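The first chain written gets the first letter, and so on, giving A, B, C and D; residue counts start at 1 in each chain.
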């Protein structure tokens, strides 16, 4: 059984931005928690490995890793063990982000590991065919992110709506239960509401929040935009 | 200026062993701290990324990362930012461990990053020629570890003493100040004392401690064995 | 439109074996051609890059590359350009062999490149779920090869028949036209006939032929075993 | 004993440019041969893997591979075996080009393999410290190429002369016999003559020749520019 993920959901990838490192990471996670509590919308934070433990102990919203390695306990150096993530109170992980792409067999192995450990897997994909391929590995979440839009401020939901709708169409042939998100360039509340209207159950965001002058206000705007008008 | 590292030194790589993950990692770090305080010998612990922050806050001995990535703040996912490590109270990092080998240009970039941030770099090498090559990149520590002996319990200091002495000879032609360690198969106090007699300033160990029935006793034995008889 | 591949088919991966390098590679390709002509069974050879050109000019059976890179003409060094393969008279390529595993997005890109250039793509997979995932990328051939059996002489068709039949079942839900092969440990004619009885359209073999004392005789045995009794 | 390489030398990396693929590659190699014979200057060509065999049989100038893998005969797929290169009549290889960077231990292993097989190794580096590191691995040729200048038409010999002279200074402390080249942005005869005046024994070029309207004329200009005025 996979963990239940409340939708709509906004996942905030902190990446390796200094604005989201160490104590700034904790502050940002607290803002996400505040926006989530005020709006009732599920906001997940995905900080760097080193900040995971502290943030998971500090906030009461779901915390994801940005990556885990396809390994079990053993002689591996500089890798991320699933048990380590689990014990830190983390409840899921991004997998195959376009900035951390993986071999197909490793995606399969990581999704299986998360399932064994009752963690949520969010596999990132770059086009509808890849989304459909991934659907067969039965991750909990599939997030379509055209790499050419990442960090541009040009929202996938507006610039490539067909990438999103084709992902949904192809994935649903295979897989009824996977949560489908989209990401890349999401920077306005409207980008979020359009994403939901296209049929997704949320968004994966990064610089739109992390590099915003006032991340809390943008988080509120995003969360409010998930609600039907 | 590079940080000063007290020698002789014993670096304990926790790897991704479940015996050295989460709360077990904290316990093991405390045992290392106890052995260090009792003997006055410098013992460094290198836990997994996720345990770094908690351990650096808990113990009063040096804490190293097992790896960092050659990146600055930016859009990178699932990577280890040097600032993140620094802010967690970590004071150094392993680089190019045989289980996490790096491109030559990345070793150079990581050593430079650690120097900028006043962190200690410990570059692992697999033979004397590679040790000499690395010496030109001016890391703080060079640790020779023949990969075929790692995890075997057959100590490099006894099985391949010439790998150690040739490393010392070649490195010293280039580089006066780098601390030179050896590792692989170190499992008895005598392996440590032989390593020092060969001319090293300490050892890099992993399973010999982490998988020991009584890690504290072995740590004490190793620390005591660094002392002249 | 993808190229038509005559089935049943036996693909012989020459790997980097010295027994199948240079002039030995040409001799082995000629033996494959002889066995193919005598039996009427389609035998494909997949030599090393450097031998491709010469073999494609020498024999009159299909020649595959062992890998191509997901690139177009440009500033790339030490990579394999699809045009180069095409111009050499090669008619297809292995993709994602377990000894040359690829990122998911690169598998997708390579399959698309082969389609554009009218080359046959044979994507290797390691379990039924991965086979189904790959089916969505619409390669011409999917070959299931449990990595733990490769080179063992223990045939997948006998040791893991359910890996083969589950691959066929899952792939066929998605994809009617892909040719399905199996590989790993195939060393006797009976391994081939069992593979076909399980529903595959052929086999992918390597050491069973390349390291055989008399490759021609084994090739004949394999080819004969594809025929109904 | 390493092979003797006549200097000054011009190495032309064909990369994966369509202008230097298949029959175009053969034509370009013939132009290089013509320019070499007319001027008496050693010109080496480094075509793609698939064109190596045909070009080595066609021209009477040295042919290099762009890369080889650190492997011996065995079960490896899609890799480049040193014996395969050797048997094709190739006499050397680029190693660690900035577009095909390698782990430090693999550079060491490849240099050793080339020495065993009496092939010439040309290891590419990106700065003087890395050049000095590589010098300890005793390749036959070290070529310094600042990656930020590759393909720009801004010649390393004019834009970063100190990268070249510092490479020479540091390498010569370690290694008397390695041939030292520079590359990146070389597009005019003057770039070549300046490179030699800085103390190099030749240049590594690619787009300056491959993408030139008239490669033969540029090759002649480069070759003539290696001569003292």
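Rule of thumb we're sticking to: a residue touches a chain if its C-beta (ideal position, glycine included) is under 8 Å from a C-beta of that chain, and two chains touch if they have at least 3 such contacts.
Note that the structure is a prediction, hence the values are computed from the model and not measured.
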For chain A and chain C, chains touching each: none
Pair in B-D, C-D or A-B that repeats A-C, with over half of contact pairs matching by residue number: B-D
What is the distance, in whole Å, between the centres of chain A and chain D, each centre taken as the mean of its C-alpha atoms? 45
On a C-alpha centroid basis, what's the spacing between chain A and chain B, in Å? 34
Per-residue multi-chain contacts in chain C, two or more chains: 98
Edges wherever two chains touch, nodes for the chains themselves; is that graph a line, a ring, a star, complete, or other here? ring
For each chain, which other chains does it touch, given as pairs? A-B, A-C, B-D, C-D
Can you list the residues on chain C that touch chain A in the complex? 96, 98, 101-105, 107-108, 125-127, 129-130, 132-138, 170, 174
Interface residues, chain B side, partner chain A - complex: 13, 15-19, 21-23, 48-54, 65-67, 69, 71, 73-81, 83-85, 87-88, 94, 97-100, 150-151, 206-207
